[in-house]
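For clarity, chains are labelled A, B, C and D in written order, and residue numbers in each chain start from 1.
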Amino acid sequence: MKNGDKNDPAKKYFDSNTTDRERAIFEGAITLGALYHQFVGASIHDPNVLEKAMEETATAQPFTKTAKVEITPPKEKQKPPYEYPELTGNMLKINISTEYNDERVELGMKYVSELDYPLMFIKKLKP
Amino acid sequence: MKNGDKNDPAKKYFDSNTTDRERAIFEGAITLGALYHQFVGASIHDPNVLEKAMEETATAQPFTKTAKVEITPPKEKQKPPYEYPELTGNMLKINISTEYNDERVELGMKYVSELDYPLMFIKKLKP
Amino acid sequence: MKNGDKNDPAKKYFDSNTTDRERAIFEGAITLGALYHQFVGASIHDPNVLEKAMEETATAQPFTKTAKVEITPPKEKQKPPYEYPELTGNMLKINISTEYNDERVELGMKYVSELDYPLMFIKKLKP
Amino acid sequence: MKNGDKNDPAKKYFDSNTTDRERAIFEGAITLGALYHQFVGASIHDPNVLEKAMEETATAQPFTKTAKVEITPPKEKQKPPYEYPELTGNMLKINISTEYNDERVELGMKYVSELDYPLMFIKKLKP
């Protein structure tokens, strides 16, 4: 039922020229922006628990079907009791997919050193 | 220079079939998701100051050209010193526009009572 | 080693009149404020996963020893695909304990209807 | 009326042994934790606008009387349109004061390179 939707009750609020592919992109991009800005800054104890929570939060968003989050904390440890890092964009990798009617889009986020920026991008559109 | 961009250094990370209109939608949706999840929960003293900060944050995002944020706190006051509300989606209205090359998109967010949901939507595409 | 600490490398940054009990209160209150403002706004799919992530984040804070988070989403469901609520203060109950040297403090957060406010409070000090 | 308060309607929720000084510390620490985790991650366009919003949010918290926030973005600029940094703990300096009845406490947050940590601390208690 999360599948893009003949019966989408919000459809009428959108410009009627919006294609299904554009809608799938729109929903995925919201999910990326939301995930990032909700969780960046959180203290990381067990990265896996935070990854799981971010994946669950992502798939609670309308039309987001799958989500995979990887957090790679820095290796060098700080001094206890101040040893736990907080989540920043350069530790984070996100892959999600969204569906709206017959369209399916894969989107991602990763730190790009060339830009020194946590880039969000459209990875794959349905041909 | 924020204008959509022949020289966008991130273009190569995107599926090469992504249209300029899709890219403008993508960037705007990230901005909406980011804004919402960054600021919801903040204690509101002077709504105008928070509105201004949200607008500035929005236009710091790549390709987001304009942003207008309206916060309408509930009228009934709580007891001092616990009288300041915190920002929730149903007090919030956002309008932004993004540009990528010759495409321009208007996007928004408002609380929709019919859905009991803070809906984000594509308001207007270039015909 | 998370235990309040003869060797706390940050001690010198504090007013030297700060008692151990005051320090335990200070650290607990930071944890409460941090937890609340980090996670409020997150979309809730499986409440247990978010509870667990909040507990892990809490105990990553210096001197916070235990954390118990309970999220009670509203019973009435919204329409799919817009059916997942986002975390607000009135769904949330937090209990944590902190230790600094021989002092131990219990602190909490719960929605207090009398105040219409998500109140944070000091539950129990060592007699 | 934000002044610590004979008529504090929340007082009964606290351990009755809580001193006024402890309560002032408690409220200040919540404010620090809240400010930090609410705003870290925000894209910075004009630092002054974000500073002002953080100060307003801080003084909306019960018993927090004054707040001064300084944001120092890194000097080296990234490439447009990806040139705006996001707020991290090591750009941030916060000073606040709280009052509860006759007690007044000064608290702060700054990045401490020795600890490689955004430390929150109790700066000055009333003698």
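Here is the rule we use: a contact is a pair of C-beta atoms (placed from the backbone, for glycine too) under 8 Å apart; a residue touches a chain by one contact, two chains touch by 3 or more.
Bear in mind that the values here come from a model prediction, so they are computed numbers and not experimental data.
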B-C or C-D - the one linked by more C-beta pairs in contact: C-D
Candidate from B-C, B-D or A-B with the same interface as A-D, over half of contact pairs in common: B-C
Distance from the mean Cα position of chain D to that of chain C, given in whole angstrom: 17
Centre-of-Cα separation between chain C and chain A, whole angstrom: 26
Separation of chain B from chain C, taking each centre as the mean of its C-alpha atoms, in whole Å: 29
For chain C, residues contacting two or more additional chains: 9-10, 34, 36-38, 41-42, 79, 82, 115, 117, 119
Chain A partner contacts - residues on chain D that touch it in the complex: 36-37, 40-42, 78-79, 82, 86, 88-89, 115-117, 119
Residues on chain A engaged by chain C in the complex (per definition of touch): 1-2, 5, 8-10, 34, 38-39, 41-46, 49-50, 52-53, 56-57, 59-63, 79-82, 84
Chain A contact footprint on chain B (complex, rising order): 9-10, 13-15, 17-18, 21-23, 25-38, 112, 114-115, 117, 119-125, 127
